[in-house]
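Two complexes follow with subunit A in common, the first pairing it with subunit B and the second with subunit C.
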Partner chain A sequence: MTPEAHQMIEHVVHLVRKPGLAIDENTALVSSGLIDSMALVDLLVKLEDLTHLRIPAGKVQPKDMDTVALMFATAERVGKPRK
Partner chain B sequence: MIAAGFRTLIDALNAAPAQREFITSWIDEDERETVNFGEFRRRARQQAVLLRQYDVAVGDRVVIIMPQGIPAMTVFVGAMMLGAVPTFLAYPNFKVEPAKYRSGLAGVTSNLSACVVVIDEHFPDEMLGHVTLGEAELVRATDAATAEAGVELPDAGTDATSLAFLQHSAGTTGLQKGVALSHEAVLRQLQSLVQALQIDGAADRVYSWLPLYHDMGLIACFMLPLVCHMPVVMQSPLDWVMHPETMLQIISEYRCTLAWLPNFTFQFVPRRTPRERWRQYDLSSARALINCSEPVRAASMDEFYRSFAPIGLKREALQSSYAMAENVFAVTQSGINGRTGPAHLWADGRRFRCEHRVDPVAAETPEAVPLVSSGQLLPGNEVRILSDSGATCSDGQVGEILIRSNCLFDGYYNRPDLTAQAIVDGWYHSGDLGCCLDDELYVIGRKRDLLIIGGENIYPQDIEEIATSHPAIHDGRAVAMGLYNPDLGTEEIVLVAEVEREELLQNGAAIESEMRSQIVAGAGVAVRTIFLKPPKWIVKSTAGKPARAATRDKLLREHPELQQENPDS
Partner chain C sequence: MSLRVLLYAGALLLGIGVFARVRSCRARQAFLLVVSYALYLTWGAWFLAVLLASTAINFLVGRWMRRKPSLTILWTGLAFNLVLLGFFKYLPGIAVSVPLASLQKFSHLALPLGISFWTFQAMSYLLDLYRGEELDPSFLEFGLYMAFFPVAISGPICRMPDMLPQFRSGQAPSRDDRGRGLSRIATGLLMMQVAQLLGKGILSGQGVNAGFDQISGWSGPDVWCLALGYGLQVFFDFAGYSHIAIGAARMMGFTVPENFARPFTSTTPSIFWTRWHMSLSFWIRDYVFLPLAMLRRQEWWRKFCLLVAMVLFGVWHRGTLLFVLFGCYHGVLLILHRQTQQAERKLNWQPTARAWTVWSWIVTMALVNLGWILFRAGSLSQAGEMFSALLLPTSYSRHAVSFSLYGLVLGLALAYAGALYAIDTLDAYAERTAAAPSRSEFIAVGLRDRWVWIAPLWTTACLLVLTLMPHQTHAANVFMYRFF
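Then we have the complex of A and B:
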């Protein structure tokens, strides 16, 4: 796992606030109801910070953010270098 | 450009100079597209040809569920070219709960009994099953590429009284209310705006991040530019909310002159743009940034002005307006009839709460309530303020705002029941509370949000504003509500507020006590209970504002002890 993915997992754990819950790169977050869809803007901003990319929000759907692995794949697919 | 010179919106579009810039769709620095009026007309005709292939004809409803952008706008106008009645519905985005989206969509598509539902190629499959099609056909907008060019469109026979489109009010309940508007109603409204704001299509340019399914986005930022042959630069609401700074960037780069913005934007942009970057921008081109769609807050306007005056923002550029889909758009506008901007006053706090009356006092008076007007009536509009007993209020007396105008809607589409509740004897009952004073309209809040505490009228927004001014509380994340206390026989105020960072909760008692004293000092009322919650706790609406009812429900679920005391819930 990359250090960025690790940091994202820590961020998700902080958002979910369920002590003892194990989250890895492939844990379903949105479809399982662990993450409120309103938290997704926050996750997207975090993803931009970690990848140093700019991610057009209009090109992202909830399913693209369902796991930490998918988030980084989405960033790679639609992200652009920051100016 | 005189909007009244046209019979229909399509006539107005056809009269636009082909080479004049129309819509710029801005994604980021290196992804944007601009179409001129000639190109827009060509694409809209292409969409009309496609829709005809699906037997779309005069009067048919066309539901458009596409991402914000030029393709969605060409489908909308293409439908109007056929005399059909288009409507935009919100596109599912990653912020919307699928379940909530589905239930809203199901109601609206069945009520409209649409002929076609137009979606884009990326429409999520998991949502498709929840679009109630009925007899409607599903059309993928990319099919337009296959439409034959040069095909003549039949004369739709559209006249001024024909229905032009439907627009929906915001929110889940709003989705059930399709506001039906004729070409003449829309053109009359635009005529008033052009006159009031002295719009010059060749010199002005609109900036917008507003969704097209909302009246501010559809009327002020799409129909107004279309009729005035004026350029508009727009971005998607989600892109803006993630990068609020882009508003400054776009206004600076394109020298935009006009924008309509809800009140929270005036705080959100300065607070979410790093201060060291403010100087990169230039707001000197802006001649009217119009605070619209929420009660106007003096503190928000002042913060925006203080922040950006050094980069060219003019005080007289900060304006206000009161608008709603049912009146096509605006009822009032500030800075007209020789006045330079919205009126500011301080109302006597005690009379405001106890007598429901705005009585101006000196700014430094204890408990004085700051109010900003939404401006003066646009030509062709009338307002009446109605008391609870049904009498017309005198100047300064707060009551429900009733509207009558030359562009008022005829009714909610297919909902005579809701129409009969909303329009009585030709007056539209807005559900908003406000008062008139010195020819200015002050909008104070929603009637149903009003808290009546021991006979005093308390506006939750006043308490929330004080609460969120505390440095430990997240901007805009506080909800005040009234909960019944059977021992006292009245409601008491309960406040829930999110702290900026979770660790601040350790210091909760001190924060709570500071907030209590600020609320007593500022609003003259005591809050029974304050609940401090971690970030992201408050339920937000799709528009990003705290959702009052849902937040109240959540609080009652987490604190059943409150529920027992609250027979209304």
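Then we have the complex of A and C:
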């Protein structure tokens, strides 16, 4: 796991706040209802910070953000260098 | 039973037969499209003409976008859909309220059935193409996507990436598909009858409809009873319809999105909106809220976007001030919930006690149900009068709504809770039975193929509800979401 993915998992744990719930790179976050719409925006912003990319939200669907692994794959696919 | 219901049932039975035997995708698609258009035609040739025009234009815009994806083409397509929706859905209302002679001719414009649903489907198709989804429907497939008869009238709102592979599949519906679909239809019929019962009441003129339309001088308890009663009525009606739509599609082997997931068990407003009219709330989340919220990083902007998204949710139903207020009300609830979450994080407070969950559920249900007053009230002054009654302590010593309605609302709420408990218990039992195969084969089959007994059980319950209901005109039996 990359350090960025590790940081993202820590951020997800901070947002979800469910003691005892194990979250890894492949835990379903959106489809399982763990993450709501506002938290999804938090995750997109965090993803931009961690990847140093601009992620056009118009090109991202919640299913693309369902797991931490998918988030980084999405960033790689649609992310653009920041100006 | 109306002719349209018989035609719908006939089309479904024919569809099940065709999908069981015919393997050619093209033949299946052509059959479904003809049946869908024929059923839509029963509502009026003019409605079908609007649907066909929208289908053709959106298909052409989609083709143009596939060749050269650009924001200009996307906005052209979206503008067309918004103008179409605005023309039929909002212009008549504007014509009534604005005293302009040139607008008066639009005041009686009929709303093509399901236009809000299939227009949103068309827009999601264009937005998905812009996002780079690999979608290449033929005109036949796109026409079917727009007119697919189980969902064309009142949803659930489908998405092309989910539907296209299913339109192209030559697979026959399994016995399980047919059984589960039948069970969903029976559940939906029962729920819609319960909604009718709530609307009319056990005693004639003493239902939720009369409580809103014929009574004035409500007391505090009356308003609570009507708010919960209407919440249950609209839920049973629309969730019931959705069950029928999902069940009908399933019987032909199609999976369409779910629309409700036990919304009355939600413990926060945020959870409620992931369980109520899900196909619309997810649409707004995916295509409006997220792209808008990511434009700026400030917290206030996100909250503003949440408010905009919820107002859109309200206005989608109807372009009146009450629906704008309904959206604002829920937007504010969601913002307050966000504030609470942030305060909990800041204080590092982790509410774990069961009592807190129960309290959170009570507060959420009270606030969500009060919101139905804005959704249902006939006018702003009526909504204001009802909210005033809530805040007036002296009004809690009397009642204007009949005791039979209080009993009905409470009884149905408890019966629904009991049904959910029974379903959960059965699920848990089925899991245990699967883990211990020594149990009786009879019980195992009963648990696995629940539709065998659920469909007749719900149908019997449905007939019982019918006998409880006072006879009223056909107008009182109309599905509520048909007008959206």
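Criterion: the second predicted complex is superposed on the first by the 83 of 83 C-alpha atoms of A that agree within 3 Å, B and C clash if a C-alpha of one lies under 4 Å from a C-alpha of the other, contacts with A are read in each partner's own complex, and residues count from 1 in each chain.
Following the convention adopted for this analysis, contacts are C-beta pairs under 8 Å (C-beta built on N, C-alpha and C of every residue); 3 or more make two chains touch, one makes a residue touch a chain.
No experiment lies behind these values; they were computed from the predicted model shown.
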| item | value |
| --- | --- |
| Contacts of A:V60 with subunit B and subunit C, given as first, second, both or neither | both |
| Which superposed partner A:H52 touches (first subunit B, second subunit C, both, neither) | neither |
| Partner chain(s) touched by A:H6 [first = subunit B, second = subunit C, both, neither] | neither |
| Subunit B versus subunit C as contact partner of A:V41, first or second or both or neither | both |
| Touching partner for A:K80 - first (subunit B), second (subunit C), both, neither | first |
| Footprint overlap on subunit A, comparing subunit B with subunit C | 14, 17, 36-38, 40-41, 44-45, 56-58, 60-62 |
| List of subunit A residues in touch with subunit C within their complex | 14, 17, 19, 33, 36-38, 40-41, 44-45, 55-62, 78 |
| Residues of subunit C touching subunit A in the complex | 127, 130-132, 270-271, 273-274, 282, 285-286, 289-291, 293-295, 297, 302, 306, 309, 334, 338, 344-345, 350, 352 |
| Residues of subunit A defined as touching subunit B within the complex | 14-15, 17, 36-42, 44-45, 54, 56-58, 60-65, 80, 83 |
| Complex interface listing, subunit B residues touching subunit A | 27-31, 67-68, 92-98, 122, 124, 126, 236, 238-239, 241-242, 502, 534, 536, 539-540 |
